[in-house]
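You will see chain A twice below: alongside chain B first, and alongside chain C after that.
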Partner chain A sequence: MNNHAEIRLSGSGGQGLLLAGVILAEAAIMDDKIAIQTQSYGPEARGGASKAEVIIANDVIDFPKVTSPDLVLALTQVASDKYSKSVNDKGILVIDDEVVLDDKYEYGKIVKVPIINTAVEKVGKSIVANIVAIGVIVELTKLVSRESVEKAVLARVPKGTEDLNKKALAEGYLLAQSVI
Partner chain B sequence: MNNHAEIRLSGSGGQGLLLAGVILAEAAIMDDKIAIQTQSYGPEARGGASKAEVIIANDVIDFPKVTSPDLVLALTQVASDKYSKSVNDKGILVIDDEVVLDDKYEYGKIVKVPIINTAVEKVGKSIVANIVAIGVIVELTKLVSRESVEKAVLARVPKGTEDLNKKALAEGYLLAQSVI
Partner chain C sequence: MSKKIKLMQGNEACVEAALMAGMRFYAGYPITPSTELAELSALHLPYYGGKFIQMEDEIAGIAAAIGGSLAGLKSMTATSGPGFSLKQENIGYAAIAEIPLVIVNVQRGGPSTGLPTSPAQGDVMQAKWGTHGDHPVIALSPDSVTETFNLTIRAFNLAEKYRTPVILLTDEVVGHMREKIEIPAQEDIEIYDRVKPKENEEYVPFKTEEGEIVPRMANFGEGHRYHVTGLFHDESGFPSNSSENAEVMLDHLMNKIDNNLDDIIDYEEYMMDDAEFLIVSYGSTARTVRSAIKALRAEGIKAGMFRAITLWPSPEEKLAEISKKFDKILVAEMNLGQYVQEVQRIVKSNSEVYHIGRANGEVTTPSEIVNKVKEVL
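Let's look at the complex of A and B:
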């Protein structure tokens, strides 16, 4: 996954997935990689599932569209129903622990962790679920360094919320470590 | 331009061009169009010019990359030097009035208006230059309706800045009207 990774982040609108994609892309560039962040808006975007995508690579990215994601994040049931099956068979599917998967399907590696609950219970704000998810993804994949992702998070979150977001990232790392 | 428009927004980091792209895309979807918002991060992103791109279409968008922009916005000299020549020959180049163009080159239609100065002098905040620019683009192109772009702006800007941003949009419309 480390030379060219396609990442699809899905959930509901308002969960900050666009911001999560932007942060991953900005962390990648700090690590001297290249990245493309994309969000598609269309009929498929209506109906409760929101997605944002990032490609992180060491080299030229010829086709900027995510076609066979190496990692899919699904924070809600609706998003999972729509996008979980798109993960490629060597990829990683990261789902919130409230999500129920269709067990008749092969998903690659499944990582089921309480992302939203961790944001609420351990960090104190459901709105940082996106940052907890970034922590999970970075720790699982090592696509970008912790140092860069922390800088990228702090550059994008509102002033005054730095400590909250650092805590969210750290809790994300811990969640990933609990399943590695 | 109205069936399939490729838009490239350029300036410096911190001018909120990603947000401008997101707002245009979100306004398009409210108008029942489809849109793709993309930001590339790579070696070309280093060195002071930042860009964000949007494609707005009535129909399927096959290739999500902006290849021949129908509209290029350049808010700074560095961004203009890098991206102004990419506008297609039937397109519109919108530049801040501080930008100096290479006059040996044909750019399509040039719209040179005081975007940054309007943000500072008429709205009172340089940070809303991106929203003034959206007003200019929407009024020039009619790609999205005023109603939708206003909703999209209000959905994305920080609480408490709604009036400031509505004023910024309105000033953008006026700037465009002054050159149409």
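Let's look at the complex of A and C:
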């Protein structure tokens, strides 16, 4: 996965998945990797399932779209129903623990962790679920360094929320460690 | 100012480049997927002493940009789909009145309001023939965020140098994707400014001085009094109905481009050294082609790509020469067959020309191109 990783982040509009995609791509660039971020763009971004995609690679990325994701994140049931089965055989599916998977499909390696609940209960704000999710993904995949992702998060979040977001990242790392 | 490394959208890079190229006036009417161009111009222009105006519609948007340029400010407008259709008459006006202007068209699915949020490359022929009558056209097609930056600078320089509207023909994929870009320092960017008349010069507004390419351009409203019209006009700028004059003037309009093709035309040859099969492409589709070529080569099929960077004027001489080496050429583009016609015209009987493309808002994937190449071979 580390030479060319395709990531699909899905959930509902407003969960900050586009921002999560941008943060992952910016962290990759800080690590001197190549990254491309694209998003679904249209009415579906306003309600229903929305997605943001990132490719992180060590070499040139030609075709910019994600075709066979190595990691799929699904934060909601609707997003999971639409995108979870797109993860490739050797990939990782990260789902919120509220999500129920249809067992007629294959999903690669499933990582089911309480992302939204951790944001609410441990960090104190549901709005940082996207940052918790980044923590989970970074710890699971090591695609970008912790140092760069923290820098990228702090560069993008509103002033005054730095500690909250650092805590969210740290909780994400812990969630991932609990399943590794 | 030093180099900056950033993650940026194509549309953002376009505005960044326009400001560095000297854009100081933007007039337009926001339309998906070009809206970021209007938003970011509105946000940044005031810090550069520039002006942004949102007009009542697309036609007024380009008209105001023409006015801004005539008054002496490098001007840009941006649009997509139906907006590009609406701008056509004024593109012709800028062409005949020789007004430098950059028009960005972030292509989306058409016809009509079509597919507002989906990519397409369906305006290639419209970029050349959309406005009526014979006229010069320069259209540039970037395939990445970095190239969007570079070609935006180039679009301003060509517009100023040749006193002509220049179309940056990008698409939703390149416009909205984010990738790494290294923004050069201002002092490392080559900027061309229009030639203006000297203060005490007896000004003949549409007379080209010996050894120059186009007439010198006075800021309208500053000292030199002159007339500007969409009618054929003589050197004085006043209308003339004479066919002799019309011929002289049209020759001038066409020749300023045709006699400088080496300066204007740009293309890329990708893995062509040992290529046995040729794919012609441009814009975001060229990225799909690169992926496909790598996959084909992994299977022992030596494919290469000729990528047109200036779509218009087309890289005719080079493509004609290359085509002699290939029995078969595949043209990949996001439409049902447009630039393929230009390629057929250029390569004549040298090669059989095939086409792959669709116009349903979905991009062609590398594996589809791989399969098409195998089918054609």
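The working rule: the second predicted complex is superposed on the first by the 174 of 180 C-alpha atoms of A that agree within 3 Å, B and C clash if a C-alpha of one lies under 4 Å from a C-alpha of the other, contacts with A are read in each partner's own complex, and residues count from 1 in each chain.
We adopt the following convention: a residue touches a chain if its C-beta (ideal position, glycine included) is under 8 Å from a C-beta of that chain, and two chains touch if they have at least 3 such contacts.
Quick caveat, the model's predicted, so the values are computed rather than measured.
**Student:** Once chain A of both complexes is superposed, is A:64 in touch with chain B (first), chain C (second), both, or neither?
**Tutor:** After superposition on chain A, A:64 lies in contact with both partners, chain B and chain C.
**Student:** Per the contact definition in the header, classify A:35: touching chain B only (first), chain C only (second), both, or neither.
**Tutor:** Once the two structures are laid over each other on A, A:35 reaches both partners.
**Student:** With both complexes superposed on chain A, which partner does A:22 reach: first (chain B), second (chain C), both or neither?
**Tutor:** Both partners, chain B and chain C.
**Student:** Output check: A:160 vs chain B and chain C. Expected answer is one of first, second, both, neither. What do you get?
**Tutor:** In the superposition, A:160 contacts neither chain B nor chain C.
**Student:** By the touch definition above, which chain A residues appear in both interfaces, chain B in one complex and chain C in the other?
**Tutor:** 22, 25-26, 29, 34-39, 41-43, 61, 64-65
**Student:** Per the contact definition, I'd like the list of chain C residues that touch chain A in the complex.
**Tutor:** Touching chain A from chain C are residues 5, 7, 33, 116-118, 172-173, 176-180, 284, 287-288, 290-291, 294, 363, 365-366.
**Student:** Please give the residue numbers of chain B that touch chain A in the complex, ascending.
**Tutor:** 18, 22, 25-26, 28-29, 34-43, 45-46, 61, 64-65, 158
**Student:** Please output the residues of chain A touching chain C within their complex, sorted ascending.
**Tutor:** Going by the criterion above, the answer is residues 22, 25-26, 29, 34-39, 41-43, 61-65, 67.
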